[in-house]
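In order of appearance the chains are A, B, C, D, E and F, and numbering begins at 1 in each one.
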Amino acid sequence: MKDIYIADLVNFDEGKLFDGFFLVLLKQQRTTKTNKPYLNLILGDKTGQLEGRVWELSDPRIAKEFERGDIVKARGSASRFDDRLQMKIDQLRMAQPGEVDKTDLLPSTTYDVAALWRQLLSFVESFTNPDLKLLVTTLLDDPALAAAYREAPAAKQLHHAWLGGLLEHVVSLLTLADRVATHYPLLDRDLLLTGVILHDLGKLRELSWEIGFEYTVEGMLLGHIQIGTALVERAIDSLPGFPPRLKTLVLHMILSHHGKLEFGSPKLPMIPEALALSFLDDLDAKMQAMATEFDKCIREGKGPDEMTGKVWSLDQRQLLNTKRWLGEGKE
Amino acid sequence: MKDIYIADLVNFDEGKLFDGFFLVLLKQQRTTKTNKPYLNLILGDKTGQLEGRVWELSDPRIAKEFERGDIVKARGSASRFDDRLQMKIDQLRMAQPGEVDKTDLLPSTTYDVAALWRQLLSFVESFTNPDLKLLVTTLLDDPALAAAYREAPAAKQLHHAWLGGLLEHVVSLLTLADRVATHYPLLDRDLLLTGVILHDLGKLRELSWEIGFEYTVEGMLLGHIQIGTALVERAIDSLPGFPPRLKTLVLHMILSHHGKLEFGSPKLPMIPEALALSFLDDLDAKMQAMATEFDKCIREGKGPDEMTGKVWSLDQRQLLNTKRWLGEGKE
Amino acid sequence: MKDIYIADLVNFDEGKLFDGFFLVLLKQQRTTKTNKPYLNLILGDKTGQLEGRVWELSDPRIAKEFERGDIVKARGSASRFDDRLQMKIDQLRMAQPGEVDKTDLLPSTTYDVAALWRQLLSFVESFTNPDLKLLVTTLLDDPALAAAYREAPAAKQLHHAWLGGLLEHVVSLLTLADRVATHYPLLDRDLLLTGVILHDLGKLRELSWEIGFEYTVEGMLLGHIQIGTALVERAIDSLPGFPPRLKTLVLHMILSHHGKLEFGSPKLPMIPEALALSFLDDLDAKMQAMATEFDKCIREGKGPDEMTGKVWSLDQRQLLNTKRWLGEGKE
Amino acid sequence: MKDIYIADLVNFDEGKLFDGFFLVLLKQQRTTKTNKPYLNLILGDKTGQLEGRVWELSDPRIAKEFERGDIVKARGSASRFDDRLQMKIDQLRMAQPGEVDKTDLLPSTTYDVAALWRQLLSFVESFTNPDLKLLVTTLLDDPALAAAYREAPAAKQLHHAWLGGLLEHVVSLLTLADRVATHYPLLDRDLLLTGVILHDLGKLRELSWEIGFEYTVEGMLLGHIQIGTALVERAIDSLPGFPPRLKTLVLHMILSHHGKLEFGSPKLPMIPEALALSFLDDLDAKMQAMATEFDKCIREGKGPDEMTGKVWSLDQRQLLNTKRWLGEGKE
Amino acid sequence: MKDIYIADLVNFDEGKLFDGFFLVLLKQQRTTKTNKPYLNLILGDKTGQLEGRVWELSDPRIAKEFERGDIVKARGSASRFDDRLQMKIDQLRMAQPGEVDKTDLLPSTTYDVAALWRQLLSFVESFTNPDLKLLVTTLLDDPALAAAYREAPAAKQLHHAWLGGLLEHVVSLLTLADRVATHYPLLDRDLLLTGVILHDLGKLRELSWEIGFEYTVEGMLLGHIQIGTALVERAIDSLPGFPPRLKTLVLHMILSHHGKLEFGSPKLPMIPEALALSFLDDLDAKMQAMATEFDKCIREGKGPDEMTGKVWSLDQRQLLNTKRWLGEGKE
Amino acid sequence: MKDIYIADLVNFDEGKLFDGFFLVLLKQQRTTKTNKPYLNLILGDKTGQLEGRVWELSDPRIAKEFERGDIVKARGSASRFDDRLQMKIDQLRMAQPGEVDKTDLLPSTTYDVAALWRQLLSFVESFTNPDLKLLVTTLLDDPALAAAYREAPAAKQLHHAWLGGLLEHVVSLLTLADRVATHYPLLDRDLLLTGVILHDLGKLRELSWEIGFEYTVEGMLLGHIQIGTALVERAIDSLPGFPPRLKTLVLHMILSHHGKLEFGSPKLPMIPEALALSFLDDLDAKMQAMATEFDKCIREGKGPDEMTGKVWSLDQRQLLNTKRWLGEGKE
């Protein structure tokens, strides 16, 4: 476990020493006005990121060969420039394998991933439709896919943008969808839950989360809807006897889950399960985005009577935390 | 109970006799080419409406003084003109009070209204917030309001457009919202359920449902959002000690429940409960609209492989009934 | 070849006899006011469609077992009802296999399909990129796919809505795209032409054209963009050594060819070839829609100074035929 | 009266002394790189706002207990940092009650508020409809409401964003609406003028103008349309015998005065008076926004041939001052 | 003056005789089921239009050579078919020049055109800017243009769609604009009034009003904004010494008077006068459209409590006539 | 020719000397914190622009009388402030006429303007329609217009934003349009090419390109569509016997070439040639914008796997350079 986090550094007094592991998010060679070369770095961990400067390039305590994406151990002191904190770095070396847990270096879910995964599997276990059960099991049994599924963020920025975020979002949706499915006789529960589990599968390849969260070029050009549809179609085609109509319905749910053409779904939901999926997916994303904004307000020291800033993923709305405003929470 | 319904008449052979109670939806005096006066009527009941003609105006068996909105007993025979069925009416008299149940004359919920009402009250009973409980109880204890609440349709045409439709929609939403509230710690359950019960209260005066479903002039000019907000505000102001912040939140939920400015909400949802309400309200309306469309397809004899026509309340989408298409239903 | 077409019948005098082959587009049993049963038919061929009535159902000269989609030989006389022409049918029998060419019964391209196909193949022949050449060849060598490709309409209604319309549209686009590719050094010609040939491949399964032009249920739920992408992806995956980046680009072109999210493309064109394809596809469709409208005006007897009606596929615009208005054409 | 204004300071040379009253808009404690604490302030008055720094926190001439919203007397010198002017503050004390006129500290109307108020009352005096006259009089006779009405800005930023701006806007609109009412026989003058006086009444609670102009939380959640409608409805309900139809019309005018759903009106104008009100309100706001922009250009030293920057409240348009461009004004 | 109008005929009993002058709006030769030829006509006058039939084509009392656009004298009797009234025509001859006033045959303004024209000229007379006065005078002195200006409708359908409608609309706008100009010091009155007089000048060639109201081909392709701008530009260029900046402003007002790009203005209003013109033009058109709708309701026998149908030119809104609803009018 | 360009300076080390000709784009007198006056300049040439500072205002080697828009010779050294390069200027004088080529000071086409002009003229030479040939020739024979046509940029920022850019765009479009015209028999080639040559003619007065690229006030108020239409209409009116219908069509093409009302075209394309022009104009602009973005990426050192930033003129899309990504180019 890491001893010190970016979030701690922010409150350091000028000159206070630190020593810890960080992920290199940017490395640039620059020159001062007086022509002195120095390194400009951005170092990050799961709590945030911060600028750092290495002034003594020839110091033997400064490693030469590290790059963007490497994990390093850095030692130095806090330093303020124009009211912004920087890290003045005196020593820097590559981290040894195993010295630090990678999940400490990128934001990640606060839930227990193994428990989430068991919840997911127990939902699959409950399916009564053998074809859908076999399909989902086949996909989740693929070790590489399962590993990625447990790690992937749900988005680059909008909601659940942390390691394990996709799984956290899907398990939340499964619970929700299960309750909704029993409420409407029109809905085929297993089909709806299958849609929940598979709808964002394409994100496993649309996004990369090795060093920060980025879109891959393939992700930009094809999008997770297409990537996921293709993945699922291939899995279905490998299952002899999977009913063709059921295949069409499963694919339709993935294709239409954004709910509107202008959000990148090439088809509008045309079956009850697809309609329900698009509503619940959107609701869960927005509820989580709200929770994230409210946490941010508390972290930033805003009072209970202050609304949030304009939230991009909620149409620039400003939000109010009901429970805090009513004084129900126990701050 | 009525013996014969419009829906039955549609399959009558030419000249077959009928005798039943109907609601007069239109009454016009017209003249034939050869200058003969006749009555053109539209008669309806809960299963639909049909054109009727009275040729012998001076026949003593034809009542003189009936008007639009009256319930009549009509006797005559089926008659086809240009392939469309008409009622050729030989006898017509005003119905006696009590001869026919009004709920037979307008479409109405298939649920037991008393049971729905008990479900609604038991949700209120479960509230832990005393202010909200008192507010909702005060409103529902008003006998006139409660009577209207049990009768009102939820809309003129789009969804739950039948007597008792509003109550049916609200009880469905309560069940759903209750499940969602327990899923998200961010949500104040009693506030959300209060929003569900009160969000469409203005429809009690926006719509009239005496003779068909119509907008009142007041409803057209003010809308149910404003009418409902005013009703609730007045109720709150009559409760000494109701917390002002809670009042603002309750009113905000009614104001924002359409979710978008262009749908007539003057404010976007800015608190978690309002966001959840707007999603669930929309989802329940669309699920019901789907169910109605699928029933219509079956009534019209469409096969399981045929999609519905373009559905106005679902952006002109065509829909497919999953369970029928997969052959799961037992037709 | 057929002797008589629907378009000829329209000018028949009352009572004039006809005898010809037609496709049954609708068959309904109905009853007159006086309770006499009759058949109401809609018969069509490549020039249009017309209502027909069979009054003597028990006449042995009237076949019993024909259905929607059958080809029949009908004999009877022209008859006018309310100023609209009908066919009064006295004899009707199933057509023998080979008696009539199916292309006479649905609208079809005026071009020689074999010649269009050769043009298409010679474009493929000219490719210098061996991977793209192999991909396209592999697809077009599939006999079932090739047969469908030669028959499919390009759309249900909007443009090139006739048998062979897809092929006609693609060959027109190939010529155009070839000229544009040599104009912009930025463009990879083979990639652009591959996009042209494959962009609408999904229509082979989105549409059916056995009896009139209809969407299949699969077509409605998945759309030709998804169906085509999957078809091409499967073909690529069967080619060992196909470069993965090239695969991504080919799929991107199909996904983005509608040019806008709201037209059902899940991705906007992000490479030069995709941008060019979306422009040229749209231009060719609209030029053909204009030509079709102008032909219709001439057929309907409109003068050169009259604009067309409002054209749905061109945003309800009214159009003017430049050459006719300037008197350049030789009508 | 104040001796020195922010607008004067902007032209001060480095080191020139100042001494004056200001409103504290922001107060933050910060630390320099060398760990020295200092105060960062934003001070404002009716002409603008400026950053100030207090370096000697322990100096007895620097008050300890002032907060955001206090009026202070500050003495110091002008100082430039990175080409931006700052106030270097050496002495600072709380202002005594009565030392400075609050209207000097926030931007306020250049008109005589008492005269504007008399104009407003004389319009009311001219009403011939006794019900409307009584309604408006009842509202304006409430001393708290009248005081707020005379002080409120018309908006936070868009137009008439200064103390007294609402009254100024309403009186301008009354004059205009009176002229329009006599032009169209369709218009009921008293109803139109009533709409003008009451349409923005909700802004008295939507906005706060104690320290800068801000939205209240209630204002954010309910909006001035709802707040104003409720205020007026309550006033009407307190008047026995007020005609119900007239009440509906008055409320409709407030509800619909933004003219479009997407501007937050839950209803479109459906009566002539509401339509006229929405047009004139929008026109007056935009004419005033134009005048404000043109004044700003002159203040900033732009020439008569230069257009304004992009104006947010006019769809990012750039504007030209006709009279200046034609050289008609006498600058 | 005409003795009998279409509006009178509508209430005729079967077989009642008529004899009057009408404009031929359509002439078609048709054939009955039994192969008998007849003429189908549409005859109109300023009160409406009606279908007519001539059965005895060879009757010497029926003129042979009349065409669409001719004025005819027709004699016959009222006849009902399918509940719709028709004219059964027994005699028909061309009208003699002078027998009937053309303004009786197309809908036209109820105002005195000569008086409206004098009002227009007296506004011009009041101009103090000599350049603008000369420009407007030059244009209105052109006899052909002045004649067309006095006759033109303001639109094909939306508002003031009658002969003299343009002049009526302009004079109403002048009065209104004059009042607004004196209210805002920012506005150059003469420039605003010039914009009012010239803004729709292009309609003199965009529309034709000889036989019904139609767009010309030139009108369709160029639009009245371009046609009017060109007309005015040419007039300005013929005036030596007209200030170039003033020319730019006048043209800008015509170009921008629709107020939005999507309404066909290539430029948004960027000067105060153009902004005011676009608001007032829109307001006057909508007030007149409202008045027309309310008149239609009275004519159709709707009660004061009934709203209008959905009005196309007012975004499908339904409207309520305030004065009638309040019972103020004396019907 | 210039010896040194802004683009070279960017890579200069601190303190390295330069000496070259530049265009003055901004000149401001400022004061330091310590009250020392200095000059802040922005100097530019065809490769970019850079900030410069003159500290010794009284040095006799610094010219006094230069202004924005002048060409100067400046000598000094590179200097870095906050990691941004500046020019520290020690000597500065006005350039002598002829010392520097103006095309070196603003970005300009990389093509040979004389050759482009000959290509344009040879297209005109190929016209078979004598009226269109005479019209275009008449316009291009005007020496002032021809000089401006050869110099004008095609846009301020979006595409072809360099001297000669308009001509470069038109010649590219002519080649393209010629190929398209021969592909569609519906198209009148000469009319289409006339539209290409004249569509942006108004830009000669909408934009100014003396010092940087700016809109003129006339350009802002009227727009190049109106300015160009008027220019062409005047030219046509000077040609006796030019067919009126042809005039309408030519003007329609200019008016409608932006293709959509919301892009500032007052009319949608309604003839085949106008539709084709609007497509090709848009395609050529976007292809050039793509090429410009890809060049910028290479200049900025982005790798072949990196997509461009969000491109404003392509709806904020990010783009990928196909050929570089596939490794086809030989960088």
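Quick note on the criterion: contacts are C-beta pairs under 8 Å (C-beta built on N, C-alpha and C of every residue); 3 or more make two chains touch, one makes a residue touch a chain.
Just so you know, these numbers come straight off a predicted model, no measurement behind them.
Enquirer: Chains in contact with chain A and with chain B: which ones?
Expert: Shared contacts of chain A and chain B: C, D.
Enquirer: Among the chains, which is located farthest from chain C on the basis of C-alpha centroids?
Expert: D
Enquirer: Could you please state the distance in Å, as a whole number, between where the Cα atoms of chain C are centred and where those of chain D are centred?
Expert: 63
Enquirer: Quick one: report the Å distance separating chain A from chain F, using the average Cα coordinate of each chain.
Expert: 44
Enquirer: Taking each residue of chain B in turn, which ones touch at least two of the other chains?
Expert: 217, 220-221, 249, 270-271, 307, 318, 320, 325
Enquirer: Testing understanding: with touching defined as stated, what is the shape of the graph linking the protein chains, line, ring, star, complete or other?
Expert: Topology of touching chains reads as other, fitting no named class.
Enquirer: Between which chains is there touch?
Expert: Contact pairs between chains: A-B, A-C, A-D, A-F, B-C, B-D, B-E, C-E, C-F, D-E, D-F, E-F.
Enquirer: So in the complex, which bits of chain C are touching chain A?
Expert: 217-218, 220-223, 225-226, 229-230, 233, 248-249, 251-252, 255, 261-267, 270-271
Enquirer: Within the complex, which stretch of chain F touches chain A?
Expert: So the residues of chain F in touch with chain A come to 13-15, 79-81, 83, 305, 307, 318, 320, 325.
Enquirer: Can you list the chain A residues touching chain F in their complex?
Expert: It comes out as residues 30-35, 217, 220-221.
Enquirer: Going by the contact rule set out above, which residues of chain F touch chain C in the complex?
Expert: So the residues of chain F touching chain C come out as 172, 175-176, 179-180, 183-184, 186, 188, 191, 243, 245-246, 249, 268-273, 275-276, 279, 282-283, 286-287, 290-291, 294, 307, 315, 317-323, 325-326, 328.
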